[in-house]
Every structure is written in C-alpha cells, then in structure tokens.
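Read the structure below first, then the notes.
Chains: A, B, C, D, E, F, G and H, in written order; residue numbering restarts at 1 for each.
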Amino acid sequence: MKPQVLIIMGSESDLPVVEETGRILTEFGIPFEMTVASAHRTPDRVRKLATEAEKRGAEVIIAAAGAAAHLAGAVAAHTLLPVIGIPLSSSPLQGFDSLLSTVQMPPGVPVATVAVGRAGAKNAAILAAQIIGRKDGEIVKRLAAYRKKMALDVAKKAGSLKKR
Amino acid sequence: MKPQVLIIMGSESDLPVVEETGRILTEFGIPFEMTVASAHRTPDRVRKLATEAEKRGAEVIIAAAGAAAHLAGAVAAHTLLPVIGIPLSSSPLQGFDSLLSTVQMPPGVPVATVAVGRAGAKNAAILAAQIIGRKDGEIVKRLAAYRKKMALDVAKKAGSLKKR
Amino acid sequence: MKPQVLIIMGSESDLPVVEETGRILTEFGIPFEMTVASAHRTPDRVRKLATEAEKRGAEVIIAAAGAAAHLAGAVAAHTLLPVIGIPLSSSPLQGFDSLLSTVQMPPGVPVATVAVGRAGAKNAAILAAQIIGRKDGEIVKRLAAYRKKMALDVAKKAGSLKKR
Amino acid sequence: MKPQVLIIMGSESDLPVVEETGRILTEFGIPFEMTVASAHRTPDRVRKLATEAEKRGAEVIIAAAGAAAHLAGAVAAHTLLPVIGIPLSSSPLQGFDSLLSTVQMPPGVPVATVAVGRAGAKNAAILAAQIIGRKDGEIVKRLAAYRKKMALDVAKKAGSLKKR
Amino acid sequence: MKPQVLIIMGSESDLPVVEETGRILTEFGIPFEMTVASAHRTPDRVRKLATEAEKRGAEVIIAAAGAAAHLAGAVAAHTLLPVIGIPLSSSPLQGFDSLLSTVQMPPGVPVATVAVGRAGAKNAAILAAQIIGRKDGEIVKRLAAYRKKMALDVAKKAGSLKKR
Amino acid sequence: MKPQVLIIMGSESDLPVVEETGRILTEFGIPFEMTVASAHRTPDRVRKLATEAEKRGAEVIIAAAGAAAHLAGAVAAHTLLPVIGIPLSSSPLQGFDSLLSTVQMPPGVPVATVAVGRAGAKNAAILAAQIIGRKDGEIVKRLAAYRKKMALDVAKKAGSLKKR
Amino acid sequence: MKPQVLIIMGSESDLPVVEETGRILTEFGIPFEMTVASAHRTPDRVRKLATEAEKRGAEVIIAAAGAAAHLAGAVAAHTLLPVIGIPLSSSPLQGFDSLLSTVQMPPGVPVATVAVGRAGAKNAAILAAQIIGRKDGEIVKRLAAYRKKMALDVAKKAGSLKKR
Amino acid sequence: MKPQVLIIMGSESDLPVVEETGRILTEFGIPFEMTVASAHRTPDRVRKLATEAEKRGAEVIIAAAGAAAHLAGAVAAHTLLPVIGIPLSSSPLQGFDSLLSTVQMPPGVPVATVAVGRAGAKNAAILAAQIIGRKDGEIVKRLAAYRKKMALDVAKKAGSLKKR
C-alpha cells in the first residue's frame, strides 16, 4: 500500500523519539514511510523528498528535528501538503531552540507544530490521522475509538487511586 | 454556502489580528464562520461549538487566544477535527505564555500550532487551506497560485534593490 | 468523613509528586479525595468533577498538571470554589510551560498558582488549609503549630552548624 | 464595616493596576483596605500589617509588587491568612522577574499567585471573593451572577460578529 | 567592480536595519550586492543565490532574517563560503526566536552569527571585512583605522564628561 | 577632593540611566568620577582605568553596560577593588543578555551585580556607600537617614490612600 | 576572633554549595559564622540576625537561597551592611528563579548578586574579602596572591596542552 | 608547520568539548595550537595571545567559554583577525548565559558565534576552514569532500530505515 504519510527526521539519532510517530500511525492503519534527511547537510535530498511527496501519494509530511530545527520549514517551502513539525530537545537548550525554529514561520508558509519531544511525536501521528480523516471516515472512527480508550484508561487509573 | 472553517477567538479584542485569518480564507474562497468564545469564561459554549462543528460542516477549527491560551486545547478535547492554534501576544509576557500553553499539548490531543500573532493568523488560514486541499483540488491550485505570487513579489522587491 | 479537598492530577504518573499534597492534608486532619482526570483526554470527566465538587462537600479543589497545563484552568471554569494549581515539570521545558499555562489566567477565572513541582505540591496543601481555616479555627491552630515546628527545625539545624 | 481584604502594594506607582482589584471587590460588596508597604524599604511596616491583619478582621491579604517581588512572600511569612500575590511588570524584564519571585515559594509558606499585571489584579479580587465565599453564601451568589454576566457578554460579542 | 559580499535579507521590510551593513561595507570600500530572498517563500531563489555566489565572485555571504530565521542556514547548506547570520527582532518574541534559529546550527554547517538587530547588522559588515582581510592587507589597514577611530570617539566622549 | 568611586559606562548613550548613580552618590557626599570606556572598543583604556583606580584613591568601581555586557567583568579582572556591575537594557533582548553577561562570572573574579536598568543605577550608588561605610561611619549615618526617609515616604504615600 | 562575615543559607540542604564560601574565607583568614535561617519559615530569625550583625562585628553578610530567593533581600532590608546574594539552582527552574529574585531589588535596598550556584558561592567569599580589604591591607595582599596563583594555574594547565 | 588557527578555552575543564574542534581541523589538515586562557583570571595572557596571534601566523582565532563567556569578546577586542566564539553549557543556566554573552557584541567588534556546546565546537572548525579556504583552494576541496561525505552518510542511514 502506498504510504500516506512521509516522516522525515533530521538525524538517525532522533529515531527513538520519532518511532513513536510510526507506532501510532500503525495503530491507525495508516501506511507511512520513514526516512532521514537534513535541511543543512542534505538540502537537495529534502527538496526532492518534499517536492515529490504529493505525487508519490503522501497526504501529510511530518518532520522532526532539534536545535535550529529548519527541517519542517524547509519541507514546507517545497510542498503544498500540510507539514507537521516535531521540535526535539536534543541540544543543551532543551528544546526552546527547536520549538522557536519550528513554530515561528513567516507568513505564507505554515508548519503545524506539535509539542517538544515524545509528546509531540505521538501527537504528530494523531494530527496526521485527523487530516487524513477529512477524506477517510474510517480513520475518524479509529480516532474516536482511540480517544474513547484514552478516556477509559484515565478513568481506570482514577479508580485505582482510593479515597484516603 | 456552509462554512468549512470555524474560527474562534478568546476575546473580541483579538479581532484586529484574527481578521487576517478571515481575509486570507476569503482570498482562497473558503467559507468560514468567526465567533468569540472563552475556554474559561464560557466553557460550555466552547464545548458546544467544538462538539457540533463537524456536524455543521466544518473541516477545520482555528482557535486564537493569548496568555494561558487554553482555547485551542479545549476545542481539541471535544472534536476529532484538526484544530489549529494561534498564540496571541496580548499579555505582558509577549506571547511566550500563549505559545507554550497552545503547543505543549499532552499525548493524545494535538493542536497544530502556528506562529505567535499576526504571522500565525495568516498561516492558520493557509494551513486550513492545505488541509481542505486534501479533498478539494481546486484549493490546491489556489495555494499554488498564492505561493507563486508570493515568490514573484519577493523577486520584484529584490529587483528594486539596486547593486550598489 | 466527607472530603473537604478534591485533588485532581492530569496523569497517574504525577502521583509521586502529588502525594506530598495528600500527606500534608492528612497531617492537618483534612479529609480529601484524590483522582485522575485530564483536561484534554477526559474533558467531560473534568467538568463533572468540577461542577459537582461543591455539592459533594469540597471547599477547595487542587489540580496538578504538566506541559500545557490546562487542568486547573479547566476546573476553575466550572466551579466557584477556589482552585489551586500545581505546575509540574514533566516536559522537556522543565516547568516553564506548565507554570505559564497555569498562572496566566484571563480576567474573570483565577487559579491560585503555587510553585513548580514538589515545593508546590506541599504548598497547595497548606494553602488549602489556610482557606479552610477561614471557617474552622481548629485548622488555624494546626497551621500555627506546623509553622512553629518549621521554625524550630530551622533553628535546630542552625544550631548544628558550628562557628568555624 | 470592617475591611475583609487587606490590599498592599509595593509602591504608590502600582496604583493604576491595583485599583482594578479594589474596583472588583467593591462590585462584590466586599469591604477592603488598600495601603502601600515595601518588603525592602519598610519591612517592619509589612510585618506589622501582616501580623495584625487577622486580628483586625481580614480574611485574605492581597500583595502586589514588581521586579524581585518579595512583598507577598514577606506577608505570607507573618500570617496564617491566605495571601494572594499579583506580580507586576514594572521592570525591564517585563514580569518574568516578579512572577518567579512571587510564585516559587519554598515548602511551608505558600503564596496564591495570579497572572502578571492587570489580569492578575482583577483575578486577585475574584479569588479573594471565592475564599470569603466559603463562609458567606451571599458572596457565592454574586460570583455566580458575575460569571453569568461574563458569559453573556461573550455571547453578545459573538453575536455581533457576522458570518462572512 | 565585482561584488565581494552578497547580502540577502528575508523581507524588504528588513532594509532599514540591513542597510547599516551596506553602509559600513561601503566605508571599507568593499563592493557588495544586496537582495531579497526568503528561505520559505522563495527557496529556489535562495538556493540559486547561494550556489552561484562563489562563481560570481563573492567571498562572504551575509543573511538577515527574523522569527524562525532559516535564511542563513539555508544559504549555508548550499555554499562553502563563510555565511554570516544577522538575527532580526521582527516578531513579538523580540529576537529570541531568530537568534536561536540562526545560531543553533547542527554539526557540519556553521553560520557565523552576530548580535540581534542593528548591532549585528553593523558587525556583520566588519566580520566580512575581517574575513576578506585574510587575503587583502589593504582591508586590514582600514579595519585598523576604523578601530582606532572608534577608540578615539570613546575617549573624546569620555573627555566631555566632567569630574563632578 | 579625591574621587572615591569610579563610574565607567560602556557608551555615552548610557548616561541618562547612569547619572542616577552620580545623583545619589552626590546625595551621600561621596566624590566620584564618571567616564566612558568600552571593554571591546577600548580594552586598553578599560585596563588602564581599572589598574590605576586603586592608586588614584578609588574604593569602589561601578561599571554599566548593555548587551554582552563585559565591562564590569573586564574591570574586575584588572583590580582587587570591589566592582559593581549595572546591566542595562539597551539591546532588543531587554536586559536578559546584559544581566547574564554581568552576573555569571567564573570562580575567582566576582562582579557585585545589581538590578537591570534604572533601579540598578540607583542601587549601585547605595551599595558603594555601604562598602565605603565600612571605614567611614559618617556615610553609615547618611545611609541610615536615607533609609529612614524612604520609609517615611512610603508611610506618607500609604496615608494618602484612603480606606474605601 | 570575632566573625567578620555572617553567612546565612535558606536551608540546611544548601550546605554542600555554601561551604565553598566558608572554605575560601578560611583560605583568606577571614573569621566567619555560618547559620541557617529562612526568610519565609523564620522571618523573625532573619530579622534578628540581620539587625544584630553589625553590632556583633560583621562587616559583610552573605545570603544563599534557591527558588523565590528572598533571603538576601530580606536581610538587606534590615541592615546597612553590604549584603551579598548567592542564587542557588535548587528548583526545577534551575536558578532562573533565584537569580531574578535575588538581583532585581527595587531602588533603595541593593543586594550584591553573584553567579548562580557553586561559582557564586566561591565569588561571594572573594567579594567579601575585597570589601573587607578596603580597611585591611593584609587581606588585599592575600587577594593579590590568590589571583596570582589562579593565573599561574591557568598558565600551567595551558603548558600541559601540547601544540598538536 | 605554523599554526593557522589559535584555539583558546577558558578552562582546562572545557577540553572534552573543545577537542572536537581540534579533531576536525586535523581532518582538514589545518595546523592549530590549543591553549588555556581566562578573560577574567588571566586577562593579560588573553591580550598577549590575541595581540600576537596575527604575527605568529594565525588566520583565525577560536575561543570557547561558559557562563558569562567574555573570552571571545576579549580576544576580539585585541585583534583584527576573525574570532569565532563557542558558547559552552557549563553553568546551571545551561548555555543561555554563555550564548548571550558571546553573541550580543556591541557594534564595532564582532564575534562569529556558533552553536552552544559540542555542535558549536565542530562547527567552529568548519567555519575556520571556510575562512582559510578563501585563500587556500585546497581547503575548499576538502570542505567539499567533507560535505559530500556527510550527505552520503545521511543517505546511507536513510537507506537503513525500511519502509514499514
């Protein structure tokens, strides 16, 4: 099946965080492709990936990077697909740098930014599912089931805390 | 025509920034509805707007708020539609508070966050168009035209700066 | 005995910090109830807890959450009881996000915010006791004893540091 | 009538912000006293005000200060009444300094901190009313009416924004 | 004469700051070219400018941008020339975003970052002169004269402040 | 009379803030000398001023600078006199840069740092008086009088705020 | 011998950092006294210590505290001696809170603030020695020797790094 | 062979990070000298190193320091060579202090600042090579080869991530 989501991470060392994104997309039954490309070390590779993504069937691109995290912005500059950016906390400045570099895009080229690190890696997958859900009602049903399960999990944990 | 985008702002005083969002949606020919609701002062109104948005035909919800900007998150908690958050710089802390309150969502409930203030207000509209574009090729054509025009504008301005 | 304080934490993983709150309330002989509810994953549960708290006998609600910490604000939107917010440092941004998300409430719906993390967890209990003390003189006596004991502890430690 | 709330500001120049607090207390029919005292320039005056407040009939103390805003903490150290702190943005660091100085209290002596500046000045009054409401049901009714009016105001403003 | 320095700004509205760079290069007799190109709105234009700069005779490239300031990094990804980045304070976050986006480059692709705003605009020119000075002793003489003049200016101003 | 305090500012444009320092020293009857020297533009001048200050009769040196405010540290490196640093908020980063550059000195070479801007300019003078007071009891008397007057001013302003 | 420096730490847990201060004072042969007192838990103890310090022979007071670090400011409010503040990084906010709480004192009551944590603990001792040196030439000689030794240490370490 | 790059670190403890700089210069075949000198503990040594560097054959100076990182600025004040600054994250404030102290130089004396910590240590070497490349085409070839290898590494890692 054709990948509907293209996930790009800036460095192979980002994999332990970014594979959360893949794990959740798999849970939703959304086919995806995961690769490494750096906005600075391999700009042409980024441009090629971004430019061809739509033709190759992607509906959404997810880009994860740390420090001066330009990856999502560089991708967004070369596609009209929605681009989701995950800021990673891999530098000594703990994600303040990657967050600001990802979210503060100039007018005209948005990046849909999610939370720094692992929480963002999960939410990027869910946001992608919500976008794809706009044309695939089946995905919306899975989102509804996922959310219901989350709520039940919270209720169950709440139950296990006794009144003291 | 049925509104495809629901825009909610936390306070009427946010209108001068948020009307940029409306202006660009109009440029793309995307019908929208714009209203005021506060996550804290009118939580039931927010819940009702969020819960009914999909049934009323919305494809995307855009929420703009300042300070402890919970509006986008509160909306996202009540819908499976993609929710775009615009952090506004209306408190003395200049948007650092609204940015962190909007983007740092916990796993399970993403908010697609754009830049603080006016740049974000514009980009929220474009991101909404990119999402709607996933099922409406006509919008993608307009996005392509918009981007081409932006590039031409830059080139024109570049031309007007002489070699010195 | 009816719980006078309702403690809500955003995630079960917050328990190691939040149980400090319970420990001190126990020390003051204030009955409390502790549960889990997420402003984003279980908004209806939060609303129900907040809406019913007063009728169920609560005098104060304490809410603890990390990241874009909306929990205390979401509770405050649904009750007229005083709401105390404990920002937790559970994201890579170390509590700057949860602090700003908790304290920067818009006019009309206050959250009584205490310090980030463990210090705040303790102080939330003491602040709750101070509020309850407004109608229960017995609690004020215990607060006075607690404070006297704190002062004695400091003096004792000071004594154990010799002049060098 | 005996003042139920004691409002202390660190400097007379804080009055334009802090009088919002008084305005709202008046709206709730809560008698208050407003004065100036500086934790650093007049520590004995602060101690005297804090120590005597309870005996003089106060239920809550509100303290507003900017920069290294120690006022609320200094008051809290000398009373068992609930103390509400309003951080003001009067230094070049725009309130980051006063917020952290007010909220980050050590275990044992809480300050119920509200938002920086004008929003906080309003919310301090409402929080005080919520605390006093714990023993005065009449105040709770006024809080309910105030909140209802706020919600109606939002709805009215929402109505004035047309679908476009 | 062939331009030795290529100055790129992200938006025409940056000109009032960036023209300081040009003014000082002129003072040093270094020919330069100034243009507009946006990493996000005109990525291909940026790539073309960066890729061809060396062949066209440039020794140094200076890039100035605000917000998520990717311009200098995007240029650096496409050239082996030294690239100087000027972060501008054009967003509500006052330059913290552009500074971190410009300086926090990943290993392999440096950007020589100077101060935020006007001070940086001047220093970019001087740094460019220092680099060009490595192969043009005449420029080093002018730098020496410039620095001597600066020192004299300080001394003169110091003289005009009387002992009191 | 020989100047007991040497005040150095990094730029003539800092005078409107730094003259507060002079004004208060004058009030205390402490003779001082005020000059301009830049750690970066005139390092030799700074070294000379710092090295000779003690011999010329100074008891304390005060250094005021903005941005990467190295002036106080550079002075401290060349003298064994106490050095007081005033961080100024003259860059777009509003004093966060000058504060950190002034206060975060490495072990071995302290700078006695005071508040950013005008408050710091005043306090530098008072701190200098406190240091000089260690060998001149007359100055301590004036400090006591100054503090008493401050307290009276606060009390007077407090009196002018009526109970409402 | 009478202690010339009074060192106060806010909590016994600060001892591992603050004992650096004592170690260096010992090195300079300056007698000191070290104790624990909390601005919030034992305000009267702080006031007593501060008020009596001068009479008991102290020339300088050093105060070390974390979080909303009011200790140095509270001490300074009760003495005309120079007060040195050491901000500690004991809260989740890593010292940003204690630094701002210590340094941003209002006009009239300075705190001579040194670096956050261990570097500051050392420098507080050296700054105290510089102040005492103003009336004790012997201490200045030891400061000169200390500084010479520091310089030699650096040179020695430099020597051990070979040209490569 | 004469060293073309002079590397100065503020403290021997910075060596584990700064040796990355040396490792990469070695890879480029650029001879360098590495030493220790502190802007504050050995200002004369810094001045001597900076003043003589050009005569001794250096083309570029690299300075690495943490906290109030004045080293690069102090060097820049004494040379007309390009100076590259590496901010280190050695204080509790994690590099925010060293970054601002290094990059925010006043007009007239630039420091070419690279990223905080290890990434910056590597990039300082590459930036030095780019500057030296301006008069040594051989170095440019090595830079081209280095960059090509980086790109291949990324592509290889990308290949090892399978479509899932």
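As a convention for this text, a contact is a pair of C-beta atoms (placed from the backbone, for glycine too) under 8 Å apart; a residue touches a chain by one contact, two chains touch by 3 or more.
Treat the numbers as computed from the prediction; the structure is a model and nothing was measured.
Can you name the chains that touch subunit A as well as subunit H?
E
Matching A-H on over half of contact pairs, by residue number: which of D-G, A-C or F-G?
A-C
Counting C-beta pairs in contact, which chain pair has more, G-H or F-G?
F-G
Counting residue numbers used by both copies over all numbers at the interface, does the subunit B-subunit D contact come out same (over half shared) or different (under half)?
Interface between subunit B and subunit D is built from largely different residues.
State, to the nearest whole Å, the distance from the C-alpha centre of subunit A to the C-alpha centre of subunit G.
Measuring from centre to centre gives 48 Å for this pair.
Using mean CA coordinates as chain centres, what's the subunit E-subunit H distance in Å?
Each chain reduced to its C-alpha mean, subunit E and subunit H end up 19 Å apart.
At which residue positions does subunit B touch at least two other chains?
Answer for subunit B, listing residues that touch two or more other chains: 38, 41, 67-68, 91, 93-94, 96, 99, 103-106, 108-109, 115-116, 119, 147, 150.
By the document's touch rule, what are all the touching chain pairs in this structure?
Pairwise, the chains that meet the contact rule are A-B, A-C, A-E, A-H, B-C, B-D, B-E, C-D, C-G, D-F, D-G, E-F, E-H, F-G, F-H, G-H.
Subunit B touches which residues of subunit C in the complex?
Of all residues in subunit C, those touching subunit B are 10-11, 38-41, 43, 47, 66-68, 70, 73-74, 76-78, 91, 93, 96-98, 100-106, 108-109.
What residues of subunit F sit close enough to touch subunit E in their complex?
So the residues of subunit F touching subunit E come out as 3, 12, 15, 22, 26, 32-38, 41-42, 45, 67-68, 91-94.
Along subunit A, where are the residues that touch subunit C in the complex?
Listed in rising order, the residues are 89, 94-96, 99, 115-117, 119, 147, 150-151, 154-155, 157-158, 160-161, 163-164.
What residues of subunit F sit close enough to touch subunit G in their complex?
Checking each residue of subunit F against subunit G gives 59, 80-82, 84, 99, 103-116, 118-119, 122-124, 126-127, 130-135, 140, 143-144, 146-147, 150.
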